[in-house]
Amino acid sequence: MTIKPLSNRVVLKNIEAEETTKSGIILTASAKEKPQIAEVIAIGIGEVNNEGKLIPMTVKVGDKVIISKYSGTEVKLDGEEYVIVKETDILAIVD
Amino acid sequence: MTIKPLSNRVVLKNIEAEETTKSGIILTASAKEKPQIAEVIAIGIGEVNNEGKLIPMTVKVGDKVIISKYSGTEVKLDGEEYVIVKETDILAIVD
Amino acid sequence: MTIKPLSNRVVLKNIEAEETTKSGIILTASAKEKPQIAEVIAIGIGEVNNEGKLIPMTVKVGDKVIISKYSGTEVKLDGEEYVIVKETDILAIVD
Amino acid sequence: MTIKPLSNRVVLKNIEAEETTKSGIILTASAKEKPQIAEVIAIGIGEVNNEGKLIPMTVKVGDKVIISKYSGTEVKLDGEEYVIVKETDILAIVD
Amino acid sequence: MTIKPLSNRVVLKNIEAEETTKSGIILTASAKEKPQIAEVIAIGIGEVNNEGKLIPMTVKVGDKVIISKYSGTEVKLDGEEYVIVKETDILAIVD
Amino acid sequence: MTIKPLSNRVVLKNIEAEETTKSGIILTASAKEKPQIAEVIAIGIGEVNNEGKLIPMTVKVGDKVIISKYSGTEVKLDGEEYVIVKETDILAIVD
Amino acid sequence: MTIKPLSNRVVLKNIEAEETTKSGIILTASAKEKPQIAEVIAIGIGEVNNEGKLIPMTVKVGDKVIISKYSGTEVKLDGEEYVIVKETDILAIVD
């Protein structure tokens, strides 16, 4: 899919079923709440700060990340649900 | 049409019917909600930052973009509905 | 009329009847809502930024501009209604 | 009267009766609303910005100015009502 | 009394009875509202700005000043009521 | 006790009974309100500003200080109540 | 566990039972409130400030810290509850 987030934005796909990471963490998306664990699908080129310098991205496509239940914008593309957040709204990467 | 957005603003036209992008994404505008997918109709020259430098625009006329359901100002010109947003409110470009 | 807006402010006069611009756009001011299309009557000299530099104005007297329905301060002078906005609240110039 | 506003503040006196300016604008203060037209009675020396530079004042004592109905602090001194605003809250000078 | 305000803070004592300044202004503290006229009792050394420079104080002990009815923190020391404000909340000095 | 506040934070202990300072001010903590007078128990090393410079602390352990009734976070350690505030929330030192 | 907080974020684990620190402070987590004492489980590399400089972290893994009852985002990983906060939300380290 060709979706190009602007600035420091990141397109995430919620993890719908239980998954286990390489290090053995079980990731679960509660059926009752907006999931907090998601996979990075696409990333922007980074944010240009007030001095005009590009701040490169930290996350990369394929990373599993934790976001707050209340951050981001939900979008539906091609019948699938995505969440677009700024990288500064990503709390941590899980491995 | 001659409409010149100021600063980093962008004039968007909602996509009213289902469309398929070059890479095959189906873009649909729900009849029940303010659409999230729009086409760029006109762009400003960019924003001048606090150091007085012009930050050039990233999107260009003809781009299909994703915006939040709640961003921008709706205007009616010549009987047509448009949305004017700042480029910083555009989440991603879809191709 | 001698009215001198301060900083980057702009005095606007609502367009009360239907008008057609040079490029053929029909501008209409709805009777039910605060109009969104207005004509520039007077402009300030521009804003002085935090570095002490004057940022010159983009709009000029006579321009037809689009503003949000909710921006600006309404004032009544000599029996006529005007709206005073900051230039940063002007969304676009129509021609 | 000896009242010395601090920073970029301005002491204003509401125009209580109809007045006509040099260029012929009739200034009226509605009896039902907080007046929007006022005369400058005293000015501060200007604001010191974040770089430590003094930004000089634009308005001068005697100027007739337009302010928003909702800006400033009303004070009563010697039985008279005044409004103290920051110069950045003054919208325009009328002549 | 030994009270040392921090940064650009100022300790004020409300003027409880009618007083007349040197230039003849009658200062009155309404019994129904929080007074707006107060005397400077103690001052801080000034605020250190973002560049690390000390911005010296403008008011001095003994000045009569005007503050907004809603600014400052009321404190009771030794049975007396004081108001502590930042100097930037002082609107004007009256003489 | 070994408690190390971060940045420009200060650990305070409310003054529970009437005390008299060296200069004779009687400090009282009302039984009905959150006390406003407190003693400095521990201090951080100071805040690092946006330029990366450390701004040293002004208050020191043992100082009696005035804070607003509404500032700070109450914590209970070892059965005792403390308040942790930023130094910028301390209004004045009393002696 | 492999969890990598971004920027200046810190992963904390609430202290569930009474513990005594080396210096003898008894840390208790009330059963009725969100605990205020927590242990640092993982830390980010620090925040990049507006000048592009990395501000290193102050806390380290294993530190016992005090946070406000209302700060941070609760996440559940592998059946365990964690709180992710920015280091600037940590009030103090207890030893």
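The letters A, B, C, D, E, F and G name the chains in turn, as written, and every chain counts its residues from 1.
Keep this in mind: contacts are C-beta pairs under 8 Å (C-beta built on N, C-alpha and C of every residue); 3 or more make two chains touch, one makes a residue touch a chain.
Keep in mind that this is a model prediction, so the values were computed, not measured.
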Going only through chains that touch each other, how many steps at minimum separate chain D from chain F? 2
Take the average of all CA coordinates in chain D, do the same for chain E, and state the distance between these two points in whole angstrom. 23
Starting from the mean Cα coordinates of chain A and chain E, work out the distance between those two points in Å. 51
What whole-number Å value describes the gap between the mean CA coordinates of chain A and chain F? 41
Multi-chain touching residues of chain A, meaning two or more other chains, are 50-51
Ring topology as an ordered chain list, initiated at chain D and continued via chain E: D, E, F, G, A, B, C
Interfacial residue positions of chain G with respect to chain A in the complex: 1-7, 9, 11, 42, 44, 48, 50-52, 73, 75-79, 84
For chain E, which residues count as touching chain D in their complex? 21-23, 25-28, 36, 49-51, 53, 55, 58-59, 66, 68-69, 87-88, 90-95
